[in-house]
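Shared chain: chain A. Partners: chain B in the first complex, chain C in the second.
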Partner chain A sequence: MKRARDPEPKARGIRQSMSDLHTWAGLLAGWILYAMFLTGTVSYFKDETSQWMRPEQPHQRDMPDAARVAQRVTATLGTIAAGSSQWSFDLPDERTSVIGSFWRTPGAAAGKRTFESASFDPVTGQRTSARETLGGEFFYRFHFQFFYMPVLWGRWLAGLCAMFMLVAIVSGVITHKKIFADFFTFRWGKGQRSWLDAHNALSVFGLPFHAMITYTGLVTLMTMYMPWGAQTAFRTPAEREAMTSQLSAFIQPGKPSGQKAGLAPVDAMVREAQARWGRDKVGRVTITNPGDTTARVAVSRGEASRVSMSPQYMLFDGVTGKLIDVKDSVGGAAETRGVLYALHLGRFSDLQLRWLYFIVSLAGTAMVGTGLVMWTVKRRQKLPDPARPHLGFWLVERLNIASIAGLSVAMTSFLWANRLLPLGVAARDNAEINVFFAVWGATLLHAFVRPAKRAWIESLWLATALLAFLPVLNALTTDRPLWRSIEQGDWVFAGFDLMMWAFAALHAALALRVARHRPCVKPAGKRAGARATMPEREKESA
Partner chain B sequence: MTHLLSIVFCVMAFAFLAVSMDRHQMTVFGRALRAGQSRGFRIAGWCGLALALRFIVGNEGWALGLVAYSGCTSLAAGLVYGGLIAYERFSTA
Partner chain C sequence: MSTIVRHGPLASRIVAAIFGGYALAALASVAALALPMSKPQAVLTGMLASFIVYACAVIWVFAVRSARRAWTGLVIVAVPLLLAASSVWAGGRIS
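Moving on, here comes the complex of A and B:
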């Protein structure tokens, strides 16, 4: 009852607590989340990015027949991956120009899962002669496992940040009490108010997407984050295998017999799958114990136009070529996971739906970005001397610059490196990635040493220049300039170049707004003195 | 085509919902509408959203339809929002 008598500590409302939670959960994970959001967003066009980054691989007018490609690639794998217990490769689709493939390293220590990978030309079935690059795959992998750290650590970090994001979304909805009354509200030129309106709009319009993408992001790696349920329920190896088969079409090699036997024609199996699912609806071929009497071939269904990632495949005997089993459905729980997984990746999308994914996801990126910037906008007014902020504020502001403007510079530099690094460089794919991180680090150093407003403007203009000149660089260094792409109807290359200009325009607009920004002077109040001396280093843009 | 039509549907629906709100009536008409008129716009807006859902699910089925609908509504709301900001800026300038 002491509380009731004490007038001082008033119980804090749920909105206030949620607001604090939202602020700090958002800030702590915000820089990583921004990078995850942006690299994830561009990953919706992963295959197109990869095509652009392999300019030697010509524009495909017609899609090659999957069955023939499968036969060619199998033949190649028979020579370069002989003795491997497992081969796996994609089948061509209209968005890819090469066939991605990986196989278990032959003779690797027992129990170790080590894989080698290569990209093949669909026409020749040989290793592609295009430049060595990870392509759009780099952004995709960075999005959930980062780089320069063990893959598992990266995935845990991504999961932790996604959990923070989920907390930020729920607490954000509770904090934002007038979610419907303010639905279309934007108050121009009102400083913090405008930032809040923009942040709310970006969050609320895409709310179904943001909640879905965060939750399903956690679901994609749920067996890693939460293995205990399955460990308790499934104890024997057979039970474990049964569970795995509900989650993945990636069949595991059995014990080889040791007796050699030739592999039956794979093209006939792919044809059977095409007859079942449609000519362009076959996704991947996985072969276990090739060359052995126990060989198995799984031909799995493609991801297009079905909102589920649950495994669907036809299993063939690798020696006789006879169909052994057709896996058409999984249990309810596994199917729920399959649908949520598919929603996250959006690979079922046609071009229009893909663009919708991309645009709303970009709004999500901007949501995180505006949230980060708002943290500083809100606190700058309360600083005793804005010219000399305390360390925490200084650090947040600098990290914001490097993680928002700096990331644009770094990502574009990655594309520049793809065009400029000599083709003969050893481990060229890694060299491109090193350029990405080196440039990102440099933007951070730059943000540390320059005044904040200057750092914003300079990074944004640098990103603008890099983006704007990328199509020019492409025209100079490859034989696929924009005008030729348009002439040949190659909309992947043309679209990529045009998008670079669209992003350049966006960055230029941001840079101009920061440069033109003058802190608004409010009528005399108790902070008027501090405001009058505030140097023009405040960063606020639309 | 289905997506484009749905977006047009949703933009109209959100525009109706926006002008059913006092704040935006001031922006668009310069005065507040009568309660009955506001209610009319609000009903028209929600009906528009429901019709768009019916249309897109009818064309693409529930699985793909719901995904596409979510994208269309988000984009349409953003377009109406941008439109209101632009209208306000240019009409007061």
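Moving on, here comes the complex of A and C:
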């Protein structure tokens, strides 16, 4: 504080430095952050999206019994994943229509951990006959590891961007003198002011959420981002294992004895877990060394039943079926991490809380989007010739169009591809993803060649059309049109179709606003000189 | 030459923020091992705290008046962390 009274011509106020930091940290990571925010937001309805993308898998009226499903899936894995040292599969919950499963590739080279995965029909226990698709899982994975790049690079990139976000949040708060008053200020149709007010309102409304989601996002991958403590502290495999057991319920296979032994009935173990936690509160079964005398079965507690991702499971001897151990607590720091992790994923939410997560997260997406747009709005007024901006401005403007409006087009195209790609296409799940990226790339090219305003309007209308006709396409290509979904009380399908219309309306409203928008540069054009000499104080509030 | 003089301090701050900040956060995560708790819990505490240290370091680097002050501040915070971390390294084992 002493420094403030110490006048120095070049020193700038902390608010100004923080404003610059906010602007640049926000801009540089902004495009990726926008995509992370939007794909992350829709991932709160990951399971519902997956259901919609597998229309052959019928609407589940009643939840199948977890114990019976576990027994069926184990039998199937015994044939298709025989010789694997680790199997793992989800148990049914009310939000999923298929059983996700993965297992270690049998006979993989030592030290190499490669996995195979499949989705099973809970009723038959066999591979689902539904179309091959990654479903909502694609948006979820893209959200933190992107695609077309090694998973580790993607996660580092996501971490770097999340760190930029955290810095942007803190510096954004310091920048604001009147954070409370700003929340209630909204000046419509005032150009830059309106963008600023929108950005402030969206940010302040969700501030605790945005800070929480950014920090907890880093926490989900912290063992990768900050490995130094663990590397210093743990020197033996046993120590490392003790650490892993604080974080994960995935039991690791020990050394197999080589002697064959049949697997005890898994349904009985799941029943024991149901007796402990509740009928629908069992989450996952992991089996190590099946078929060997050293087989172990871990039945873990469901994520929906508590606000923590810390491991809680019952460990059974795979041969005798006897309960060996019940793990129901971890250390304080590990539990803290488990809670933070769960807060990020929101899987404990009931329907209402899930919608709240979705809406606030959407506000976060809009916060990043309005921030990106504001960068250009603020600078356009200062351009010597707005018709011919310098390269940096031009690039930011175009990237904004492709990363905001273009992403909506690409994400919806992914859903169109899900309905339109022939079922027999090889690697169909990847083909859907290729459509997503091809369309996204096309929107970027489009943004490069068209005048900025036209590009905004055209891609927003394109997104509107794709969203609005998606329920129609669904009605034409599946036997689950909207009216039938409503009639049968299938609120996942009906809700999905209706949400597409809600999103279409949102995009249409944006397109109309952009079309009607007259940049305030035009009337003020003659006073451009006067504007440029305006006191810098105005900047401070941004 | 003049560009270097003009942009040097800013570049210095960016390096201090991104790499200096990460180094400080990493150091803090190791120093946390000196905390009186079991190893896995200390390791996790260090990890959880490190991102907050990182964010604060970046804010500090851009909040102060000069690049020199920015670096000085990072070093001053690093000293006690280094002492704590070195007790861990030297001890080889922690309780």
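Assume the second predicted complex is superposed on the first by the 509 of 542 C-alpha atoms of A that agree within 3 Å, B and C clash if a C-alpha of one lies under 4 Å from a C-alpha of the other, contacts with A are read in each partner's own complex, and residues count from 1 in each chain.
The rule we apply is simple: contacts are C-beta pairs under 8 Å (C-beta built on N, C-alpha and C of every residue); 3 or more make two chains touch, one makes a residue touch a chain.
In this text the structure is predicted, and so the values were computed from the model without any measurement.
Participant: Looking at chain A, does chain C or chain B touch more of its residues?
Facilitator: Chain A has more residues touched by C than by the other partner.
Participant: Under the stated touch criterion, which partner chain does A:Ser305 make contact with: chain B (first), chain C (second), both, or neither?
Facilitator: After superposing on A, A:Ser305 lies in contact with chain B but is clear of chain C.
Participant: Scan A:Phe209 for contacts with chain B and chain C and give back first, second, both or neither.
Facilitator: After superposing on A, A:Phe209 lies in contact with chain B but is clear of chain C.
Participant: Mind working out whether A:Ile80 is in touch with chain B, chain C, both or neither, as first, second, both or neither?
Facilitator: Neither partner.
Participant: When the two structures are overlaid on chain A, which partner does A:Ala475 contact: first (chain B), second (chain C), both, or neither?
Facilitator: In the superposition, A:Ala475 contacts neither chain B nor chain C.
Participant: Would you check which partner chain A:Ala465 touches, where first means chain B only, second means chain C only, and both and neither mean what they say?
Facilitator: neither
Participant: Touching A:Ser171, do we find chain B (first), chain C (second), both, or neither?
Facilitator: It touches chain C, and chain B stays clear.
Participant: A:Val360 contacts which: chain B (first), chain C (second), both, neither?
Facilitator: A:Val360 sits against chain B, while chain C stays out of touch.
Participant: Using the touch definition from the top, list the residues of chain A that touch chain C in their complex.
Facilitator: Touching chain C: residues 3, 8, 11, 14, 17-18, 20-21, 163, 166-167, 170-171, 174, 215, 218-219, 222-223, 225-226, 228-230, 232-234, 239, 242-243, 246, 331-334, 336-337, 340 of chain A.
Participant: What residues on chain A touch chain B, complex-wise?
Facilitator: The contact residues of chain A facing chain B are 181, 183-186, 188, 201, 204-206, 208-209, 212, 305-307, 339, 343, 346, 348-349, 352-353, 356-357, 359-360, 363.
Participant: Show me the residue ranges of chain B that touch chain A in the complex, using the header's touch definition.
Facilitator: For this pair, the touching residues of chain B are 3-4, 14, 17-18, 21, 23-24, 63-64, 67-68, 70-75, 77-78, 80-81, 84-85, 88-89.
Participant: Taking the complex as given, what residues does chain C use to touch chain A?
Facilitator: Chain C reaches chain A through residues 25-26, 29-30, 32-33, 37-48, 50-52, 54-55, 58-59, 62-63, 65, 85, 88-89, 94.
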